[in-house]
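Take a look at the structures below.
Below, chain A partners chain B and then partners chain C, in two separate complexes.
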Partner chain A sequence: MACGTATRGRPPRRPRGEGFTLYKTLRKEAFRSVVEAILAGSEGVEPRRVGTDRHGKPIHQFLPVERFEDIDFSYDTTEFSAKTYFLPFRERLSTYRFSDGDWEQETRYRAEPRALIGLHSCDIHALLKLDKVFARDWYPSPYYLSRRRNTFILGIDHDPCEGAFCRSLGTDTVTHGFDLFLTDIGESYFAAVGSDRGLSLIDRFGARPITDEDSHRYVAERKRIAALMQNDLNLNNLPNLLDIEFKSPIWEKWGAKCLSCGTCAMVCPTCYCHGVYERISMDFQEGAKIRQLHACTLVDFAVVAGGHNFRPTPESRLKYRYYHQHRGFVEQHEEPKCVGCNRCGRACLAGIAPVDVIRELQEEVAP
Partner chain B sequence: MRYLHIDSPRPRIAVFDFTDCEGCELQLANKEETLVPFLNAVEIVNFREIATGAGEDYEIAFVEGAISRSDEVERLKAIRGKARLLVALGSCACFGGVNRMKNAYDLGAANAEIYGRTPKETLPVRSVKEVVPVDLEIPGCPVSKDEVERIVRHLVLDVPFAFHAYPVCVECKQRFTTCLMEKGQLCLGPIVRAGCEAPCPAGGLGCWGCRGPAEAPNLEEFFALARERGFTDQEINERMAFFGGFEGVVVGGTR
Partner chain C sequence: MKNLLLPYEVTKEAEMAEPLDFNRRSRLMNTHRVFKAEISSITQLTEKEKLFHIRILDPAERQRFTFLPGQFVMVEVPGYGEVPISIAGSASNRGFIELCIRRAGMVTSVLHRAKAGARVGLRGPFGTSFPVAMMKDHHVLLIAGGLGLAPLRSAILHVTENRSDFRNVHILYGTKSPDQLLFDYQYEQWRRVDGVNLSIIVEEGGDGWTGEVGLVTRLLDRIPIEPDRTYAIVCGPPVMFKFVCNKLGELGIPMRRMFVSLERRMHCGMGKCCRCNIGSTFTCKDGPVFDYWTAINLKEAI
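On to the complex of A and B.
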């Protein structure tokens, strides 16, 4: 088309599915083969049903799986997040050995390939947030980077899970941070391709370029899912609200319920606070620096040298957890740390759920 | 022992048992992969279960078991008199342990129930610290050898040791153990001190509290949520009384 020539209707554009992220379709019959091809080449971690809760609902966890049959793709959510595969509870950072008056240091990074299959969009957002902290900040962590780079991520779209407020945080859809992300559009999957390794994998199993009809189906499916979202929590202006309500009595109320057990932070897909300690071998010939996850709600989180605890009460600790999620992280990274998965709300035995806490805070300041 | 160019003398230790099952002592002789370096780090002066000698020249005494007879009181006082450091080893020594349940009954009736027509001399069960001053308590039924090893390294290097202040819940999360309260079981995990690495919940058994209370446990909320889940005050009290670590803590009326 010559320059200056008038056109009717939409401007000309590139074929669909060739933007920043590539889109393809994958026949459903090919899905099993794709997963099995991944499992053949690396360790696989997938949602697995591990039990039933006291209300008769299934409990799932992300666990290593060897057979396709053991994966439960219909899972709603998992009790714990997949964080442990990137930030293990305990990680040996460095080992040093003494001999003949000298010493030798050894540092190892986990480099074995691993695949996380069946992650939901919120959990991929969680990884994007951890990327900001451990891969894109001033001091990238080689421990995190090696795990992240060597982990193949196959995400899947899903109907909203109960109690989640992902939509309030914009984490119900995802555009990057994965190798493949599949949305069910009937006889095939609408596959967002986020990497060349993702592309070469599905191309081996007959992935096709998308058609206009595929895109329409995809948009319709996303609309259907979005309509199912029940939580209408509005988080607009929450960081300012938190500052205004810093001394609100609601912290005392929820703080009195807090068990200071750390479960909220442990199950959270983005909580990354940790401590580093030294461990000496029993023969005193070897020492190691070990990093262990900690949690801001634990009683000794803010104990400093000399023994002073500057967050001695449960309410001060719980409050700062909300502040880091929705205030401090925004200041550092221009977005909340929370992805709205509500794992903390579900796992809290005392029933402290972020939706309730935030709603109460909003009501507190409402005119 | 030499670490970072600093030489530390091997502490001379002794291990004594009182009213107990000797299971914690057995832990000291366990964990073969590090047993030799463990025994090299200390000098065993008196340890009936693994050594023939019975020396009196010890600096650190590990005392296992609860105190339930007058001769035990005398023996313990003598040990305290000789030891520079006295370490209570295991839940019996720290809290009175399962033996402490006896105190809830009439002493004569308890004696008759067990020994019939040949009663033994017995006293209400006490923890070690209720009889003599204690420098360090290592709880657990049995104690974790891994934790004992860490403590011994601290003793060798003469640096302070701190137990985890947080509750068992953290270690269930570490092990990917699904919450047993969520599955409908009673578990004292939220109020009990971590450090055991939560083996019981991992095996499907709710925590019975052998390590005693975590630092500043939220007992009130724990009782509320346990009741909400249908557990009776009696069940909760029995659970807390089992190892004696929650002495004086009672939910609802009487035990």
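On to the complex of A and C.
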């Protein structure tokens, strides 16, 4: 699962264990022991119910958990994604210590082991996309790599969430990028094992090789889940469409609604755009170089020295966000940056939902 | 379970099979470590622009630091911030790096207040370069407007130092007014290089100006151009690209032989922060030097 790094002249090494996934079954009674074993060995982050929204629906977040009872595996989706455990909102890149007109730089990227339990397939796909940027492209980020490699990921299958369009983006199933991925097949879990540490963990709790019956049940469960998917968009034409519709009035309409608050990028599991700035301590002894997540919908995102703003209107910034998600990232990495979780649509204060924007774009050119 | 999550050390030693080589876009693990450098000398060019000579302190790092004309570095003033600056010096100079910096924002203002001897951080070089290898045995048009002479100067120095590699060389430079002309003390030196033609033009002459008045495109009219054997490099404000490159197009130079250098506010230089992203292209990684065909197809670039 952990990520390879780009090497000059030859293709990036494949992330460890990515090429082969092993399948086993795990008795349901053993699941609790597995989770407790993980929690005993490291910090655990799991979906937790934190409140109720105005419609009476539960709100969940990925938060550190110490006891098995506090985890809510039946969650639909979380308000924020799990990206914060890989790309924190604010992170110190280096520290400068000043003395006598000179300075020394100190850089640290060591991460403590952590386990993320209960991730859905879309969030694992989001990590795979972030891997492409921060681990497998030029200049792999040690800050990201360190966190990614030190994070144990246990994913779970689930019934589709309301409003999500993951199936349209192929993120409703996942084949790698995790240590363990569990699907409920009745009396036991069908476990996809993505790493050696995942294998040694479930083997300790009596995992068994799969039988034909297990496979049939797994396929039936996958079919049942697939049939529940509500949104099915055809996104194949989207990169092209975004080019053709670059001057479409649709953007004016949605741009007029956009509040430029940046919420969409903050809750997005893949939005990684950031800024780097520096701070000096109150006693002038120390300076810090800090990376902070930014959002392309915020007004100052494309401001350059001298004050010129390359994207001065909400419309141009909102368009840029879609353009990066569904056109720019495709050009760079052969897949859209979006995983279809609809967190941005759910969180948007102005009611801008990606499904609506994309549908309208497609209708604009339809005969 | 004990030992399930053994700490996984991500270290330079463990990750790197190759030596540190920032220059060729290889995998440097310690991506935010800077070269410690000293401002060895400062030259006031105009009211707003200064030329900084910067020397990397560690001799081994200084030796290893090489760049190609057109690339940029990230200059960091610890505690204030980091800015992308094009290298204005010659690539053959291993002693110091020349940076021409306009006072425009917070970090550049601090740099303008700095005195010789101040220590700054350097990362890089980053980005694409002018196609000096492809330009061999061709006529060369080097066209700059305003501050565009800063990145173009690395190409000018390359061409003048390797004069035998190129056919006719024309340098065209235009600014708003005479007091904004950069590197005016070097024009004579460039003119004296055998077969190098330098023309200067300003938009508003004013008193005491005896040279030409008008836009830089005017200078193109009187230059004999052999379109199928010519490369052009254009540096300046985006509005200038359109006029100059259209004119060059009319003269018959193909778009893939015109190169422009774009400017955005990079925050990382490594294709990560997306601040310099134009549509789907990173100015830091895929640029800043683009051929004109690519540049006009970038959304909102020019």
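Here is the rule we go by: the second predicted complex is superposed on the first by the 344 of 367 C-alpha atoms of A that agree within 3 Å, B and C clash if a C-alpha of one lies under 4 Å from a C-alpha of the other, contacts with A are read in each partner's own complex, and residues count from 1 in each chain.
Basically, a contact is a pair of C-beta atoms (placed from the backbone, for glycine too) under 8 Å apart; a residue touches a chain by one contact, two chains touch by 3 or more.
Values in this document were obtained by computation on a predicted structure and should not be read as measured data.
In the superposed model, A:K223 makes contact with neither chain B nor chain C.
Of the two partner chains placed by superposition, A:K247 touches none, neither chain B nor chain C. Of the two partner chains, chain B is the only one touched by A:V299; chain C is not. When the shared chain is aligned, chain C comes close enough to touch A:V276, but chain B does not. Of the two partner chains placed by superposition, only chain C is touched by A:P140; chain B is not. By the touch criterion defined above, A:L259 reaches chain B but does not reach chain C. Touch criterion met: A:G51 reaches chain B, while chain C stays clear of it. Contact comparison for chain A: of chain B and chain C, C touches the greater number of residues. When both complexes are aligned on chain A by C-alpha atoms, chain A residues 98, 279-280, 287, 303 touch chain B in the first and chain C in the second. The touching residues of chain A, when paired with chain C in their complex, are 2, 5-8, 37-38, 40-42, 93-94, 96, 98, 101-103, 105, 107, 109-115, 133-134, 137-142, 145-146, 149-150, 152, 197, 200-201, 204, 246, 272-280, 287, 289, 291, 294, 296, 301-306, 310-311, 316, 323-324, 327-332.
On the side of chain B, the complex with chain A involves touching residues 1-4, 34, 37-38, 40-41, 149-150, 153, 156-157, 165-167, 169-170, 173-174, 176, 178-179, 181-184, 189-191, 214-218, 221-222, 225, 229. Across the complex, chain A meets chain B through its residues 50-54, 59, 61, 63, 79-80, 84, 89-90, 98, 256-263, 266-267, 279-284, 287, 293, 295, 298-300, 303, 314, 347, 349-351. Interface residues of chain C facing chain A in the complex, by the touch rule stated above, are 1-10, 12, 15, 17-18, 21, 24-34, 36, 76, 78-83, 104-105, 108, 117-119, 121, 263-265, 267-268, 270-275, 277-281, 285, 299-300.
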